[in-house]
Amino acid sequence: MAIFNMIEENEATGKVKEVYEDIKKKRNVKFITNFWKMLANEPDTLERTWNSLQQVMKKGALDEMTKELIYVAVSMANSCEYCIKSHSIAAKKQGASKEMLAELIAVVSMANETNRLVEAYQVKVDSIYE
Amino acid sequence: MAIFNMIEENEATGKVKEVYEDIKKKRNVKFITNFWKMLANEPDTLERTWNSLQQVMKKGALDEMTKELIYVAVSMANSCEYCIKSHSIAAKKQGASKEMLAELIAVVSMANETNRLVEAYQVKVDSIYE
Amino acid sequence: MAIFNMIEENEATGKVKEVYEDIKKKRNVKFITNFWKMLANEPDTLERTWNSLQQVMKKGALDEMTKELIYVAVSMANSCEYCIKSHSIAAKKQGASKEMLAELIAVVSMANETNRLVEAYQVKVDSIYE
Amino acid sequence: MAIFNMIEENEATGKVKEVYEDIKKKRNVKFITNFWKMLANEPDTLERTWNSLQQVMKKGALDEMTKELIYVAVSMANSCEYCIKSHSIAAKKQGASKEMLAELIAVVSMANETNRLVEAYQVKVDSIYE
Amino acid sequence: MAIFNMIEENEATGKVKEVYEDIKKKRNVKFITNFWKMLANEPDTLERTWNSLQQVMKKGALDEMTKELIYVAVSMANSCEYCIKSHSIAAKKQGASKEMLAELIAVVSMANETNRLVEAYQVKVDSIYE
Amino acid sequence: MAIFNMIEENEATGKVKEVYEDIKKKRNVKFITNFWKMLANEPDTLERTWNSLQQVMKKGALDEMTKELIYVAVSMANSCEYCIKSHSIAAKKQGASKEMLAELIAVVSMANETNRLVEAYQVKVDSIYE
């Protein structure tokens, strides 16, 4: 009774098929992961998300590994299991070590604690930060 | 009618005074920011948080700038204004450029969008990620 | 070692039994779903929640389908899987199509992205909005 | 250009006036706080919320002070400034000391850190907890 | 000491200027709001967000007013003040009445309560929903 | 393909082994739960978290049961299943009854509703709370 089902590669046509082909080519992978196969339920969202991710995650002032690490950090803050897993693997592909990921977890968790301390004590912004 | 007030430097005694001195020395700053002055309402939390932050944020497998960027990213995900401001400045001190912070914002925001797409479509974890 | 177990229909007595009967009658369903069977651990909460939901979700200035769509949107923002599933089905019963739900997901996810952009850039409220 | 304005006591009629009177009587206060004056924009929500709060917050297996402390803790987890302030004061009226509130903050913040550690490391539920 | 400042209309050049002109034309407004003036710090994000919003928010299976209402609901769930204000006004422009917005608030808040009830009681998904 | 695996007791050496022994002794338990076995991937985080929890959760102005109840409440607000389960059991060990936990859930859920009402209506802090 699921409302949405994955659009498998052999079911893909038109824009969905094009995006699937582009993902496989650009990422040099042999198959499409579940994320894209669910987004394919709305081809415009599939295409837009794929294009946006390419723009946002490409090397710029920040390198690709750092961007993936930030992606993992946000996914942890949002408790998104799928996102933590897939972007941790992406970070590893970009060169992140297990030690880096363990330290990342420590930073994310500590930030969560001090974020809450700030809110709980309702700390006013220092004049030097304004 | 605020329940907690800041413990100003000239009011600090004992453990609070020691931590204040240590912060100023180790960070090479001339005054204590509001965050610490609120935590000082509970000296054990003040001391523990200061010690934990030093341990967590010191250079390890990840360099200090990357750790500060991750701190900023989590603070953005949690919408903590004070934390965004203070850690953005800390990141800049560690060498982060304005361009890096702008790209960070793009990654954080995009991650928030795809985190939600994953949850909304209830994407199952791919067997290759298990 | 679960702390709470579901109160099954054949175990229901008193206020719980009355609410169960009322749910089945008003919703024209043959059995009680797990949500209510867990709430029944505290009969006052069961009754209050059932009464509140009837008041909040009834047709008013907004029609019932739109209310269910909003319920789904909030459940997505909160990543509550049970709530997404049960209210998506409720929305479908009120006439929501699969296309509507796919567009809803796009709006929810986009809103999550721009909400974060606003927080990250700390956008000030425009004077025309005050 | 605010969409909703507070319904002041001298503007209150019908159900709103009744609820206002009931709040002042039961809480033994001389005026209505802003929370209720905003809810009054929808009299049904005003009445329902007032009735629900009385039921939920009354002494039961948990005493009233503990309930207010839990309310404060959740408000801190949700970063709701108004709620932190108003329920901290309510907790104080029920006998909570400043020391209790400072310890509460430490627990809330620590819980936020370990909650995130659990999510980040994707800790599986121990079989003894199932 | 703000890290980012708004790019005012008279400072806009190139891609930023083009997007500003397009927003004013398509939305039939005389000036650019703060959201866009902050995004302009990263022209690619400005352009991508503007294009994405147009795609996501245009009439489809859901009408434009319903989409704006959903945007408001998510912004409330995320406690984004700027977003609540700007999209409430957008919803009103699309025909949403004050009564609709008051009912929306009731639904959003009720959904937040039951979402938490589900998580707290760890309600299992009913087999009929699978 | 998990990035982190649990460090089992028979694999523990050095600091990890010491912390494991200390947990078993101080908590009077026969084995280490999964939470600690995952944290052990980074011994410093393991040790720091164990020390912090002992400091934060020990009897002070608030008794240990109340602290555990607050821990459960925050874990519910954060939807952390593992944390809800493990700290509910800890609260029971400290004397919390099933009735107390059911009332706790009602307070947490109600707080979530009114927190959102406050944000949605953008209620201004009353001057008496300032």
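Read from first to last, the chains carry the letters A, B, C, D, E and F; within each, the first residue is number 1.
Here is the rule we use: contacts are C-beta pairs under 8 Å (C-beta built on N, C-alpha and C of every residue); 3 or more make two chains touch, one makes a residue touch a chain.
If you're wondering where the values come from, they're calculated on a predicted model, not measured in any experiment.
Q: Enumerate, in label order, the chains that touch chain B and chain F alike.
A: A, C, D, E
Q: Over half shared numbers or under half: where do the identical copies chain A and chain D land at their interface, same or different?
A: Interface between chain A and chain D is built from largely the same residues.
Q: Measuring centre to centre with C-alpha atoms, which chain is farthest from chain F?
A: The chain farthest from chain F, judged by C-alpha centres, is E.
Q: With chain centres defined as mean CA positions, report which chain is farthest from chain B.
A: Chain centre farthest from chain B's centre: C.
Q: What whole-number Å value describes the gap between the mean CA coordinates of chain C and chain E?
A: Centres of chain C and chain E (C-alpha means) sit 21 Å apart.
Q: When the centre of a chain is set as the mean of its C-alpha atoms, what distance in Å lies between chain E and chain F?
A: The answer is 35 Å.
Q: With chain centres defined as C-alpha means, what is the inter-centre distance between chain C and chain F in Å?
A: So the centre of chain C lies 27 Å away from the centre of chain F.
Q: Touching two or more other chains, which residues of chain B qualify?
A: Residues 1-2, 4, 41, 44-45, 52, 56, 76-81, 85, 89, 102-103, 105-106, 108-110, 112-115, 117, 119, 121-122, 128-129 of chain B touch two or more partner chains.
Q: Which word fits the touch map of the chains here: line, ring, star, complete or other?
A: Graph shape here is complete: every pair of chains touches.
Q: Within the complex, which stretch of chain C touches chain B?
A: Going by the criterion above, the answer is residues 76-77, 79, 81, 84-85, 105, 108-110, 112-117, 119-122.
Q: Mind pulling up the chain A residues that touch chain B in the complex?
A: Chain A reaches chain B through residues 2, 4, 33-35, 38-39, 41, 45, 49, 52-53, 56-57, 60-62, 66-67, 69-71, 73-78, 80-83, 85-87, 89, 97, 99-100, 102-104, 106-108, 110-115, 117-119, 121-126, 128-129.
Q: Contact residues on chain F for chain B in the complex?
A: Counting only chain F, the residues touching chain B are 1-2, 44-45, 48, 52, 55-56, 128-130.
Q: Would you pull the chain C residues touching chain F in the complex into a rising list?
A: 1, 3-4, 41-42, 44-45, 78-80
Q: Flag every residue of chain A that touches chain F in the complex, lowest number first.
A: Residue positions touching the partner: 79, 88-89, 92, 98, 101-103, 105-106, 109.
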